[in-house]
Amino acid sequence: MKKVEAIIKPFKLDDVKDALLEVGVEGMTITEVRGFGRQKGRVEIYRGAEFVPEFLTKTKLEVVVDDPLVEKVVEAISNAAKTEDVGAGKIFVSPVDDVLRIRTGEHGKDALH
Amino acid sequence: MKTKLVHKSVSSRMWSALKQPKWAISVMMLGLLGFSTLAQAQDTLDTGDTAWMIVASALVLFMTIPGLSLFYAGLVRSKNVLSVLMQCFTITALASILWCVVGYSLAFSTLESQTSEGLSLGAFVGGLDYAFLNHLTADSVSGTIPEAIFIMFQMTFFIITPALICGAFAERMKFSAILIFTSIWLLVVYAPICHMAWSGEGALFVRWGVLDFAGGTVVHINAGIAALVACMLVGKRKGYPDKPMPPHNLTMTVTGTGMLWVGWFGFNAGSELAADGTAGMAMLVTQLSAAAATLTWIAIEWMKHGKPSLLGAATGAVAGLVAITPASGTAGVPGAIMMGVISGIVCFLGATTLKKMAGWDDSLDAFGVHGIGGIVGAVLTGVFCAPSLGGAGFDGEHTMGSQVLAQSYSVIFTLLYSGILSFVILKVIDVTIGLRVSKEAEGQGLDLSEHEETGYLL
Amino acid sequence: MKTKLVHKSVSSRMWSALKQPKWAISVMMLGLLGFSTLAQAQDTLDTGDTAWMIVASALVLFMTIPGLSLFYAGLVRSKNVLSVLMQCFTITALASILWCVVGYSLAFSTLESQTSEGLSLGAFVGGLDYAFLNHLTADSVSGTIPEAIFIMFQMTFFIITPALICGAFAERMKFSAILIFTSIWLLVVYAPICHMAWSGEGALFVRWGVLDFAGGTVVHINAGIAALVACMLVGKRKGYPDKPMPPHNLTMTVTGTGMLWVGWFGFNAGSELAADGTAGMAMLVTQLSAAAATLTWIAIEWMKHGKPSLLGAATGAVAGLVAITPASGTAGVPGAIMMGVISGIVCFLGATTLKKMAGWDDSLDAFGVHGIGGIVGAVLTGVFCAPSLGGAGFDGEHTMGSQVLAQSYSVIFTLLYSGILSFVILKVIDVTIGLRVSKEAEGQGLDLSEHEETGYLL
Amino acid sequence: MKTKLVHKSVSSRMWSALKQPKWAISVMMLGLLGFSTLAQAQDTLDTGDTAWMIVASALVLFMTIPGLSLFYAGLVRSKNVLSVLMQCFTITALASILWCVVGYSLAFSTLESQTSEGLSLGAFVGGLDYAFLNHLTADSVSGTIPEAIFIMFQMTFFIITPALICGAFAERMKFSAILIFTSIWLLVVYAPICHMAWSGEGALFVRWGVLDFAGGTVVHINAGIAALVACMLVGKRKGYPDKPMPPHNLTMTVTGTGMLWVGWFGFNAGSELAADGTAGMAMLVTQLSAAAATLTWIAIEWMKHGKPSLLGAATGAVAGLVAITPASGTAGVPGAIMMGVISGIVCFLGATTLKKMAGWDDSLDAFGVHGIGGIVGAVLTGVFCAPSLGGAGFDGEHTMGSQVLAQSYSVIFTLLYSGILSFVILKVIDVTIGLRVSKEAEGQGLDLSEHEETGYLL
Amino acid sequence: MKKVEAIIKPFKLDDVKDALLEVGVEGMTITEVRGFGRQKGRVEIYRGAEFVPEFLTKTKLEVVVDDPLVEKVVEAISNAAKTEDVGAGKIFVSPVDDVLRIRTGEHGKDALH
Amino acid sequence: MKKVEAIIKPFKLDDVKDALLEVGVEGMTITEVRGFGRQKGRVEIYRGAEFVPEFLTKTKLEVVVDDPLVEKVVEAISNAAKTEDVGAGKIFVSPVDDVLRIRTGEHGKDALH
């Protein structure tokens, strides 16, 4: 099993979610994060004092999926979250040993569906 | 005592004296003679004036809690939000008590000294005869309102002035040091300046013929220069100016601005001490100056940065309100709009270019807006009093030139008096208990380090 | 000029004229004759009335900043919170200046034309003789209050009306387009409607015998229909209605509602222009209508959805306040409660069922509450004026039927006049600079895209 | 009817009667004789008094929405923030209607019974003759103000009292149960107590010579003891006292405190029902007591915990405001400061030590502050009325000892009457529909479980 | 070492924390997240407009533990967080290579106790 | 590739960020979290009721880096975040299988620079 973690622009969340549901994902977890990357924030000016936010509001999406689905999921996210400019985001894939559904006690694959 | 009360009401309405020289002179004579029969006849309570002044007092208190508190609190970082609110709130309580103990007496008692011809102590400060308000009863009348209301009204000015100063040293000054500074400053700086401006015809500014209807010198310049001195002595916030410190909650700031704006009617129109035509004009010009300065500020931003900002609109509004304050009894419609435009421009420069050049960390622009706006307003009051500019007209003895001169005297005097004494008071506190919290405390935020509380647990 | 001022005070107190036909007629005659001696005798300042009207003006300004601003700002998504606050705040400044430049003159100047018998231009709009308020001095009196206060009071209506419209196109309209629209609309739509309703006995609505004590047509229907037109021309928000757009901060909305409610006393009881028994009744019926509508709205929710909501309570309160506005000078206790109940029901349908059916995206229900509530209120004013229903009674010439008819004329006229002109103004702006921000800007939120600021950094 | 209105105005001004025994006695005689000619002469509207009382009513409403609502809402956990706001808001609407239906009549109608010599029903409760306010017209005058305003003013007290109680059972009581309890309690408990204190010279507390200028018994003790009973019957919040439940938004609480403080001038100075010297003194002593209690509370915290807190300052302010309420018409400057200090100390103990010892979960200290502060204030009113302590002086028949006794009677009576009846009402509700939400609902928060809404979506 | 990550209902946090302390866990990190899963939000209605929040407020708990403890920790969380209805939550277990305690510089197991 | 995850004191974020930029990191993601550990909160007192927050506000910093950089990154964070007292924080290192830059579709190492 893998965890696919994507850092995307907040306003893309809806599209990404829909794309994931289409490829069969049934659950996911969202965290509001602040990202630092190439994309620089827009200059905000407060009483003449310029302020370039180094950290931008981003959305982190985590979805744990069975190995066969990983590629599809990555692709789905990638397509839905794409924008032309810097800061479109990143996807990380990392190993997961096990999953447990608390309510039923199911383990592994079963816990995901 | 009655005689003294007459003086008070006269001085507070000096503007009208200036417009009606004959009446003014005769009242002054009455004052000098202590002609109490007429005085008593005049000191009759009017329920309409009283109704207005009760509300005006409530409005000015509302300017501080919650108005100014919210305005300032929204501008700091979220780890310091409570500290600002706490400072304004505690100052409100502290100043209320101090005012009754001795502040009112120092500001408004006019013992023998003011009736004499030459300059004497009485031109600068009041006596102690009203200490603890021992003289006060429910029947005491000042002008056409109960003296208790006059005391309340002036108390709210005594409250807001030191609260304004808090903007300069926000996010780093010790709470204990703030309270000590405030207590001394109110008695040693505020009360005398207030006396000089408003205690009646023997007082310094009145002798000079200064027009300060609602507190350009007494409140704004006075607070503004003290703020500047304080922020320089306390030092810059850690990280300033490299690290950006954007306002944590502009919704709070703009809420506070709305309250300030509305409350300012109490401040300016209330300074007439009556519900009459001059109060009406004061209200109208207050509105117009605030509106003009708001539009000016965002227009500058729009041209300079490509976008108008809410913080700009709010700051502009306050700048316009500050500037019109001393002129609110004498300026007309065109004057008010012009003063709004000018203060919008000058305060914009003060809070941006000047501050950047000078390098001081006046965190919330207490000097940039109140100090500079106050100076602009005080001087322009002398200009826009001119009937040709829609103003109420000069006293027989003044021309525009001489009036502007008189205004400038009071500005310079206030800057020096308040600036120097604020410096001394703060220095003494610095070398004794210290002005500033520890570096760690500053990093952690004053809410936790000074008050062991957290602003938001959403 | 005095004569004209009499007209003004007469018209503003049309309600009492209607109750005391003989007095009304004689005053009208005086007006026609320009009998200035008595007029002057009548135009004497009353400090109590003045005190109340200063405060009433402050209260109505308080309704906009911060009242309505917070009410609206809490309802949008957090990325647009500042934009709404900015719109209300800037409109406040802009309208203040416009009012003094020419708005007041267009609304309240009553040059020759109104004294003539037939319909003339003067029945629809004022002249330019009060432009820049050149005529105004501290001594100008209107009725029993300083004219400066009358100007201030009416200015606050001039401010809140366009601010109400902002609710319809929130979260997507360009800031520049809003300012341009507001400026033109105020002069071309608001000022004339205000003139027709309140400028005196020659004015259109007054000829019809319309009762609009505090602004059912002038403020609410006027703003409501403009709002509807605007939201249709600007188009739906991206994602509406599929994507839910729940309020981001209901604590803010309910705070604003409280301020609106309290401020509304200035609006309604202030429209009496005096501190008297009718002002007292206006206050009481305002309270009762708001209360009844609140309870009605949450009762409907409770029955329909199983739970009463805070947003429902707040919306109901506003609906009740809107509905009673035109009737606040004439309705009695039972009428007020009935109007609250009816407006609660009808506005509920307007803001839910009707909106859903029609498919327009009136984001914050400016039309659903103010437009519909205004219409309901205007018509019912004619009903609950009836003495049998506790009302103040009809003018000698009217029965309930004819009064309802008169009310309906004014409703239809306002809907058409404001609707059509709003459409034209917006269309022109649309084809020139465009009404709407880019899709990207809308996605990102107007706070950043239009003002380069962020609401919360908690 | 006129005669009755005289009674009302007399009773509401009992303080002045006490200071001017001769006048008081003669008026009482007039009342007894029903000498209506003079009564009519006296009941003439004064525009200044009217202006003030319109505003005072608005200020007291402002205390509840948004003042108290915000004060309380900031103190709960964020999942319950809307429920508190909803309770205060709905109670406002509900009480407004109830007041006009029958509440005002039960409180202020003074049919035959009160003119008789011995104790009769009329000493405890009013009749039904003012039900639905059928008697009211725009011309009805009460004292020097329109009766509509008197009704409005008293209505705002009727609103805030049950809203205060909500602090005790916050975060766990059913919304439906709250509304039922409030409705019954207002009519069965509030209206009679109000009648006994303020309906005129035949009423129970008046016979005893109790001084309750602005509602120490009627509002604070009454609400405080009901709150205590309620929180005991409803039971502790899940997790209390082991799990900490810190305030979720102190900025909201302190905003509400500022509004309460300012609004309290309407409450206390408004209770004079006129814009005069006593109103002025009431305003001043209100300010001083609040200020002194604020400083006292934070001083205690500073000494005890090493740091002064904003919540402490806010709570202290409210304690001082509560305590001075009954004394605001009679206490002088030194008395006000002393009452502030004492109430600060005693309420601190009440809201901390006593609560901890007793183990009840009075969530927001409705009893700890309003109940205890009310008792302290009511008793001390008898002390600080003494001229030697700066007070207005005793009625000819009273000494300090007898006055304190009279005060104590009213305190004990109110505690028993309100305590017992509140218990009965709540018990009945408990066994029928239940007082408390389910455990799950409590865990989830009342916002979602009772109103299906979410406070913040930042 | 493993990281045990649990998505639970917010009001269960207290119980879960207590359960973890009992099995010997000494530290943990909590994040407020929004979850998408089978559990659907309750209908909220704003002026007649129905709004079913797709994303529900959840609490994510992360605890890094030494391998032998993993099973006990998973069980402890699972027991404490259990509710009868859908949305009780999920537990993910994934590998961790190393841990460092910043203050002392300790590595591995030692850094956890 | 590894993910280096650090739980630090919020006011240290600036220093840590600077240290990371110095060693060549080009992107990172920040989450506001609440931490439970040895460090106990300071007693807050609300109307006499003592309240020791068990969970303290912490900042979680996540940075995915190429293997060779891991050590340097851990050291940089560790040095910059160090404080003398308990609660300075923890660093976790865990495996990452792949990274994708959404905008360009680049994979692996390339996606990081």
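For clarity, chains are labelled A, B, C, D, E and F in written order, and residue numbers in each chain start from 1.
Going forward, a residue touches a chain if its C-beta (ideal position, glycine included) is under 8 Å from a C-beta of that chain, and two chains touch if they have at least 3 such contacts.
Only a predicted model underlies this, so the values are computations on that prediction, with no experimental measurement involved.
> The A-B interface: which of D-E, A-C or D-F repeats it, judged by over half of the contact pairs being the same residue numbers?
D-F
> For the copies chain B and chain C, give the interface type as same if over half of its residue numbers appear on both sides, and as different if under half do.
Here the answer is different, because the shared fraction of interface numbers falls below one half.
> Quick check: more C-beta contact pairs in E-F or D-F?
Between D-F and E-F, contacts are more numerous in E-F.
> When the centre of a chain is set as the mean of its C-alpha atoms, what distance in Å lies between chain B and chain F?
Distance between chain centres, rounded to whole Å: 48 Å.
> Using Cα averages as centroids, what's the distance between chain B and chain E in whole Å?
54
> Centre to centre, by mean C-alpha position, how many angstrom separate chain C and chain D?
34
> Roughly how far is chain C from chain E, going centre to centre by Cα mean, in whole Å?
53
> Identify all positions of chain F at which a residue touches two or more other chains, and write them in rising order.
Chain F, residues with two or more chain partners: 31, 44-46, 94-95.
> Could you tell me which residues belong to chain D and also touch two or more other chains?
46-49, 51-52, 55, 246-247, 249, 305, 309, 311, 452-456, 458
> Mind giving me all the chain pairs that touch?
Result for touching pairs of chains: A-B, A-C, A-E, A-F, B-C, B-D, B-F, C-D, C-E, D-E, D-F, E-F.
> Quick one: in the complex, what on chain C touches chain E?
Residues 241, 244, 246-247, 301, 305, 309, 311-312, 315, 348, 351-353, 355-356, 365, 368.
> What residues on chain E touch chain C, complex-wise?
Residues 44-53.
> For chain E, which residues are in contact with chain A within the complex?
2, 6-8, 31-38, 54-55, 58, 60, 74, 77-78, 81-95
> Show which residues of chain C lie in contact with chain B when the two form their complex.
Going through chain C, the ones touching chain B are 45-52, 54-55, 57-58, 61-62, 64-67, 69-70, 73, 81-82, 85-86, 89-90, 92-94, 96-97, 100, 132-133, 136-141, 145-149, 151-152, 155, 175, 252, 275, 450-458.
> Could you list, by residue number, the parts of chain C that touch chain A in their complex?
Contact set of chain C toward chain A: 239, 243, 443-444, 448, 452-454.
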